[in-house]
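Note that subunit A is present in both complexes that follow, paired respectively with subunit B and with subunit C.
Here is the complex of A and B:
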């Protein structure tokens, strides 16, 4: 089943072409890695799939629903993008609870479970502004997975994590794959890509080239 | 090193030149006025005219004092010094000691010059015939009503200089320790200068009372209170600084942990102070709670504007809009993308945000109104909503107070939202509040078509409630359309 499909997607930024007539299809249960140098457009690609940014041309379809005026954001997608994702003066649990209150599909126990899964203590009343970089990253991951999202879009999810946490996250993502979840991710660490991805695409001169 | 010395020589020369010129100018003015009215002068007339020249104090001495304060703090807030003094408390004492040494040299020069300029006149123990002359520029005439002998003034002036300098620098140090930012320190200094100039130019009692510049002049102080009261006030503030310094470490920790509450606390303090002062200022005219509402929430209009009314609208309503903007910024930039994905539709998310802001405004307005009622009850005014200050019914009063105010505040938030959506870093908000403030200036909003300050009771002198309602609704409608268009585009993240 096709979960994410890009057809003839073109996108430029301030006159510079980032993508030209790009096609990409991601099947259910796949883990797809996107690589490329800094500024090549990895984050822009993810933001287009999330519906934050519109392509200049072409279509993006998620679960057979085309993103556009009637469907701005794809449903039930867990996301980590290059934005903080937390309110600094609230605790980790309070932040997640505020986000969970929007869809109301999970309980406090589910939030606590998600926090434990990524290695955070739900009972910790520490404010997020006092968190280390790694703890903030774990909170972002908990946010992306807590509602059992079946598509995960993870931009640099491994950033700032210690070795053990990286291994734990890899295991977690592989277990999600077994559950049939679809994951698209970027990482500067080739080992993460090699250990996880079924297929790897490199952004090169506005095109997505399959390199693995 | 040589360059620094050269700059220092130039600055010192400039200081001596300016002070000498002003001293000479003041001396000539006193002598020519005395000659014109055929009155004899003595040395004190010239000395006090120089020492109490408010233009010299406001536009030269205050900036200089604040520059010295800024430079002292900037140079001394060094790890090497902090380690040696051992604590923030000791650092404040250390810094004040250095500052007082520097400014006393400066004031010593002013004192010496004021004596030198009067050296050809008799130094008598009595006030001169010129001091009986009631002209606007005659400082001696202001002083003669308060002081029996000129000697009291000449003894009091250095004490005031000393105490006021300690207060000024002590407060600058305390404030600085709470944020520790150079730009913040610059803002502090600029804020004090601007506040002093505004207070002087607008000549309103409350402003003069809180203006640091007034406490550097015996003449200015004796205009607003008994001089001994000024000494007591300055001593009390020094005691307060001393106490605050004892708790500075805890205060810093509290502020760091509860930083997000600080804007709300500052707002609550300013709003309470304003309501208290404005109700007591107008207490003789106030018979009912309706009168009190009109006095407190009068605002400004094109035809009816004053500095205090302008400040009141800026504090009460722009203050609330600013707090709302902080909340909006948090919702948009901190967790925006993660909430939009969950709401699925930006319009649904925006509706949620505005309902929240509406509740916030409703609570804030209710508290402001409740606070005003409590103060009114303490002053013994009747609990009637009718007012003799304006020809409006109680229902119109309530509609303006709640309905139009809510609409105006929501419009401020809509503007903030639109700007933040396009410029998420928040700098554009300064421009927005700047433009909205311009609309509040006298004669600007003559036709009541600019969407700023329309909720003040002053507007009802020129426009009907229906007019204000329609104007605000039109702007709300246009803003919503604009927002809808923005939502169709890519998001700036």
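Here is the complex of A and C:
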């Protein structure tokens, strides 16, 4: 089953042409890696799939629904993009609870479970502004998975994580793959890409070249 | 949309936020009252009320309007939180809901500040007797303003309608700051501009010898002689037009929202 499909997508961003007639199809249960140098457009690609920005030409389809005026953003997609997002003066649990209240599809117990899964203590009353970078990253991962999202879009999800946490996240993503979840990710660490991805695409001169 | 409004509304009622609302509703008027109740010649409670709502509150009015709800949104905006909201809800709905709550809450806080101050001064203070009222027979000057005719009908009518006017203006200034945040995407500039514009227009109206059209004297018309009621609507109408223009020209046409906080 095709979960994400880009057809003839062209996109320029802030005056720079980034993608020209790009096609990409990602099947259910695949883990796909996207690589490329800084500024090549990895985040822009992810933002287009999330519906944050729109292609200048071409179509993006998620779960057979084309993004556009009637479907602005795909539902039930877990995202880490740009950097973790949080309200600094609230605890990690309070942050997740506030986000979860938007869709109201999970309970407090689900939030606590997601926090434990990534190695955070739900009962920790510490405010997020006092979190280390790694803890903020874990919180971002928790928000991306807490609602049992079946598509995960993870831009540099391994950033700032210690070695054990990296291994734990890799195991987690592989277990999600077994559950049939679809994952598209970037990482500056080639080992993450090698360990996880079924296929790898490199952004090169406005095209997605399959390199693995 | 309604669910978004309920969610955002509930976020505005933490203990710290409630203390802030109480300080604005009660603290500022009580402070101002403590400065004026002995030092002026008062003939009627309504004069005490009007003097209590003079001074600091008019000077800081746009700042107070920005303080009531917008810090909650600014924290979300600056910390990249909105990125993770928009994967769960329509960003357009969310931003509209924030705008609605911002205007409503600001309006309600200012409404309460005005009406509570009026009730305390008009109905409670005379029982306590802190203010020494002079006999009306000794009054040699007029203290009426653009809204005074309402008090002649009934003091409570004056209180409710004037409080609604203050609330409406507060909501308009809070909305201006919110729209500027979205339009300019520069938070500190956006929240400063309403205050700067408020005082620049006060200054300009003073220079042009038309204080009846200054923002401060139309919201708090106690420092000028009585003017026709329509004059108070002039700066307000301009403010509403600016808000609508900002929305139509800089916010609604925006094809993509990339927050560069």
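The rule is short, and it goes like this: the second predicted complex is superposed on the first by the 210 of 212 C-alpha atoms of A that agree within 3 Å, B and C clash if a C-alpha of one lies under 4 Å from a C-alpha of the other, contacts with A are read in each partner's own complex, and residues count from 1 in each chain.
We take it that a residue touches a chain if its C-beta (ideal position, glycine included) is under 8 Å from a C-beta of that chain, and two chains touch if they have at least 3 such contacts.
Quantities reported herein were computed from a predicted structural model and do not represent experimental measurements.
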Simultaneous placement of subunit C and subunit B on subunit A, clash or fit: clash
First (subunit B), second (subunit C), both or neither touched by A:188: neither
Contacts of A:50 with subunit B and subunit C, given as first, second, both or neither: both
Which of subunit B and subunit C A:116 touches, first, second, both or neither: neither
Contacts on subunit A seen with subunit B and repeated with subunit C across the two complexes: 47, 50, 52-54, 72-73, 77, 79, 81, 83-89, 95, 98-99, 102-103, 143
Footprint of subunit B on subunit A - complex, ascending: 47, 50-54, 69, 72-73, 75, 77, 79, 81, 83-89, 95, 98-99, 102-103, 127, 143
Residue ranges of subunit A touching subunit C (in the complex, touch as defined): 47, 50, 52-54, 72-73, 77-79, 81-89, 95, 98-99, 101-104, 140, 143
Subunit C to subunit A touching residues, read off their complex: 3-4, 7, 11, 75-76, 79-92, 255-258
Touch list for subunit B against partner subunit A, complex: 257, 259-260, 330, 333-346, 488-491, 493
